[in-house]
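Below, chain A partners chain B and then partners chain C, in two separate complexes.
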Partner chain A sequence: MTATATPSVPAATKPRYGSMSRDRRWAMRWSYFFLILFVIFFLTPPIYMLITSLKTSQEISAITNPWWVFDPTLSNYKELLGSGTFLTFFRNSAVVSVSVVIITMLISVPAAFALSRMRFWGSATLATGVFLTYLIPETLLFIPLFKMMAVFNELTGIELINRWWVLLILYPTLTVPFCTWIMIGYFASIPKELDEAALIDGATWTQTLLKIFIPVALPGLIAATIFAFTVSWAQFLYPLAFTTSESQLVLPVGIITTLIKGDVFNWGQIMTGALLGAAPPLIIYAFLMDYYIAGLTAGATKG
Partner chain B sequence: MVDATIKQDGAVMRADRRSSLQKTFQRKSTIAFIMTLPLILLIAILVVYPALYAVHLAMLNKSMQKFVGLSNFTFLFKRETFWMVVWQSCIFALTAVFFKAIIGFFVAHFVHNIPDKGQRKWRGMLLIPWVIPPAMSTLAWLWLFDPSYSAFNWILERIGLSGVPWLGDAYWARFCVILVNVWIGAPFFMIMYLAALKSVPEQLYEAAKIDGANWWQTMRFVTLPMMRNIIMITALFSTIVTFANFDIVRVLTRGDPLDQTHVFATWAFRLGIEGGDIPLGASVSLFMVPILTIGAIFILRDIVKRGNEA
Partner chain C sequence: MAEVHIRKVVKKYDEVLAVRGIDLDIRDHEFVVLVGPSGCGKTTTLRMIAGLEDITDGEIAIGGDVVNDVPPKDRDIAMVFQNYALYPHMTVHENMSFGLRLKKFPKDEINRRVDEAARILDIKELLDRKPKQLSGGQRQRVAMGRAIVRNPKVFLFDEPLSNLDAKLRVQMRIEIKKVHQKVRTTTVYVTHDQVEAMTLADRVVVMNNGVIEQVGTPNDLYHHPKTRFVAGFIGSPAMNFIPCKLQDEAGELKLRINDGLALPVPPARAGKYVQHKGNGSVLLGLRPEHLTEARAQLDPGVVAFDANLDVTEPMGMETLVYFPINGETVCGRVNPAAGAKEGAPLKMAADLNNMHLIDPKSGLVL
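The block that comes next holds the complex of A and B.
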């Protein structure tokens, strides 16, 4: 298997041109073969989601081939999209994710600009600090944050726990460090002459940022936006820890806590909900794949 | 600190800039500071402070009224479940990262081997597990592993094997948790390694070919050294993220059967939020810090090194 994995170079003590292309052709065939196997492995769960979402509960509990839909129906979709709670989850998720994207951009774009172009005391340390913050997982912070909110409530009387908008305060801790970091990388790749020319022409720093940096670094900005959106949409721990009422839940937690009631699993609806919950990131990915991948690889390869 | 920053910076700037730009540059550090202020506040209040606060919390008693020093930690050390969680977290992270790296490496090569114009399509399909929110895709796995309606068991029974108690047995449950993690994470490795493969100059392969290198020598002396940085950094990133993973274990097993699949994050959630013992939960989550620090140091060293080379 490994032999086919590398770009094939023939063990040539003497040149054998014909065999080289033959080797390459075989490497390609084996590659296709294994790619098909891996695509099956990678796509089985989402496809199975789709299959189950099209079944009635009678068919799900019947002893038939689970990999086939004998009696396709859209009733799960109708029921879910017609129910108020699911639409509440969806709306909460959409509002939270879009707002977090805006907050993230408002914080990280100016900060990245300042850190990459306006060298000031401590700017290099701060840039490294931003990167280190990105490495601190939310699983380390949720307990102290939970307690901090309780203390805040005692001090000011403002209740933060079980309010959907508290997620607007929490999610930026996940999105801002990474977005700032990749924007520093994108801004640093813009030639210095460009902003120097603008400054000599009398542009202010704000104008330089808005009129030159943002348009030129637009691909980076899109990648960062996609990242912020998908992270906010997928976040599971914070809403699980900080929100409990049905009206305050976002989609992932809502599906898991309300559709799973005790031991009664309505799998048709759960899979439908999961598929609808996965749809927005998948749609963004389908249309903006190149930006998505650029953002993915930028974190580790830039800087 | 604020004033010191501005003054010192202003002084340096004044010394080496032409007078016509003086005014702009004098104000530069002020503007820069205002632009970074929200970032600094966010990191200070919502990341650095909670991280330090966790250390303080870990030294309180359950009702959080008395300082108890390290007794939360000594209490944990005496519990068998704690050592099980340490062991399980390490096994989980290391095995999962290892298999993600291996699968990612081979799949990247397979994609690299096929003609350029088809690569986009395959890459697009292979990255889907990474795009779906983990909590949602883990639900699909939960359903595939269902004790009575498992679609995998249906296939196994069809080919004459007996069904597997996927999530009912401790060892199988651990296997499943790792499998789902590998499924979600391998596409990320694939994308990173593919980017690294594409950045290897074609001339190096040509030179190796002319020197008569076989595929293993090419791999050993051309591909691997060129990819080393990316391999390392991707593995380190992934180790940190996997070690701190919450979603998969929480949705798939909730730590069951009998707490046998808990990792640090899920056990901390169980004790701290669900069990109401915040100090104990904080103590458990703090045990992630050593591993995270080691990972962070290595990643940082790599970044500083590359910064110096550039």
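The block that comes next holds the complex of A and C.
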């Protein structure tokens, strides 16, 4: 399955089929125009971040051309990577994100398999229900969740707030519904005869899932994994609300809370931290992009 | 190896009756083909034997054991699907051995069986390939191989040749027949193609509207259909049905087709049909091969008449001719040398020794 729609027809050397090739040429011009526009729009912020991260605080506050580094320095990087707190944030983020991905997959994949394949009473309603839960934004969820944890604390004496691991319970409220939904779509694109063949071959449902469905649906699985990781890595509201101590913070909240002191913004380090924080998802996307696209478009067409 | 018994089996989807209480006994080693138009319940019946559909009512027994509540994996059956249903991420060898590996067969036994099946199907050189590297015919062989290695009690085939082109279909049909001659496993085969049914089956089961119309050997169904449906479904081109009246004319039993045409019933058949005379309209069933060009010397029971040909279809070894009788288009088969021309008259002959008479109300062959 290819994601690009442009067929690689060489441009006609002689414009014999006049209108066709002229149309095509104009279409190409317009698409390039808009693509370049989008590239500028979306790449400007990270480039600005990179430029700022290479400047000293003096240069940032000086009135010079903001798009040029006159006195490049790596001091922001050195300071940040040398400080224990930044590495703590990074470690917290990594542990939380990887754990959330694992937890999400352990729940979503069997759930999607059951909902898409093991026809049982109410399975269709449940599948829709899963999707509906995804439509509830975290801005609506975090207050009742906070309340629930307070009540839980009162009842059991176990403190859940301001613990990094509580994020392992919270993030799946965002990742599980969406990943389940992606996997339902992906499993639905696998022909029904495949699991029937496996059933007749003597496989149990679990064996069918592990030995047939997961290998066949690997692109979808990778897409869901990337999604879960990205959401966990970039999550801001939940950690802001539920964690406060420096040792419990994850990267996005950590950068904001420690590098902004009152009205003093340490822009160089903020940009450096944001840039370093963006690196892991970027690397993952770069390597798994094709799988991600294949996974998201599966089921759109048969084949 | 085992026989299969189906007793009063009913399948209901919500309010729709897909199978309306069928009875069928399939003997050990037998090759039985379920044939019928789309939606006649043949695939549903097969899937109930496989255990992929629940049985609403009735009983299915494989090898003497009632399997109504036995899951597919414990029924000791193997199934070949229309779209092959090969596991795309496994090699041919892994595909074929999947069932055996799940059952924890020893490795050398698995290899022995896979090699044996690959030899029978002539796919030894494909064992390390993935399904996407195979052609349609090769995939179909692998799907059969997956069934053979299991050495099951019953093979189930669900329209296995529908996805192949016409030429390959004929070739694979012969392959399937050869395989059955070698392994002799009881086989239930579903198809909508009556030619496949006729060529493969020991016995053909014709289904329509969720009931079995007739069970019999291919020849039996062809020459002695019990219902109008079977008469029309089996055989290609299909049997002609010509409305007529069965009546006594000058002491002779005749089929009065119109004012100008009356065909005398051969004396050998007259005794059988005489009780139905004067019962209003009946249908004369005649296969195209019994409507040929008239020869100079007519055999007893063969009646000549004039026809105006609408359309001719030269097939090479014969020519199909279409002409109207009482407003119905009727098909005949003539010798290419008979000089059949579109729009021209031709002297035709009806061989009434092979006629069928059908009661249009009950649809039964008289």
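One rule holds for everything that comes next: the second predicted complex is superposed on the first by the 263 of 303 C-alpha atoms of A that agree within 3 Å, B and C clash if a C-alpha of one lies under 4 Å from a C-alpha of the other, contacts with A are read in each partner's own complex, and residues count from 1 in each chain.
In this section, contacts are C-beta pairs under 8 Å (C-beta built on N, C-alpha and C of every residue); 3 or more make two chains touch, one makes a residue touch a chain.
The model shown is predicted, which means the values in this text are computed figures rather than measured ones.
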| item | value |
| --- | --- |
| Which superposed partner A:Trp205 touches (first chain B, second chain C, both, neither) | first |
| Partner chain(s) touched by A:Pro215 [first = chain B, second = chain C, both, neither] | second |
| Partner chain(s) touched by A:Ser123 [first = chain B, second = chain C, both, neither] | first |
| Chain B versus chain C as contact partner of A:Ala197, first or second or both or neither | second |
| More chain A residues in contact - chain B or chain C | B |
| First, second, both or neither for A:Gly82, with chain B first and chain C second | neither |
| Partner chain(s) touched by A:Gly157 [first = chain B, second = chain C, both, neither] | neither |
| Intersection of chain A interface sets (partners chain B, chain C) | 199-200, 204 |
| Interface residues, chain A side, partner chain C - complex | 191, 193-194, 196-204, 207, 211-212, 215-216 |
| Residues of chain B that touch chain A when the two form their complex | 4-5, 8-9, 21, 24, 28-29, 31-33, 35-36, 38-40, 42-43, 46-47, 49-51, 53-54, 57, 64, 103, 105-107, 109-115, 120, 122-137, 139-141, 143-144, 146, 149, 151, 154-155, 183, 186-188, 191-192, 195, 205, 208-209, 212-215, 218-219, 223, 230, 233-234, 237, 240-241, 244-247, 250-251, 264-265, 268-269, 272-273, 278, 281-282, 285-286, 288-289, 292, 295-296, 299-300, 303, 306-307 |
| Chain C to chain A touching residues, read off their complex | 50-52, 71-73, 77-79, 81-85, 87-89, 98-99, 102-103, 146, 150 |
| Residues on chain A engaged by chain B in the complex (per definition of touch) | 1-13, 27-28, 31-32, 34-35, 38-39, 41-46, 48-49, 52, 60-61, 65-67, 106-108, 110-111, 113-115, 118, 120-123, 126, 128-133, 135-148, 169-170, 172-173, 176-177, 180, 199-200, 204-206, 230, 233-234, 236-237, 240-241, 252-253, 255-256, 265, 267, 270-271, 274-275, 277-278, 281-282, 285-286, 289, 292-293, 296-297, 299-301, 303 |
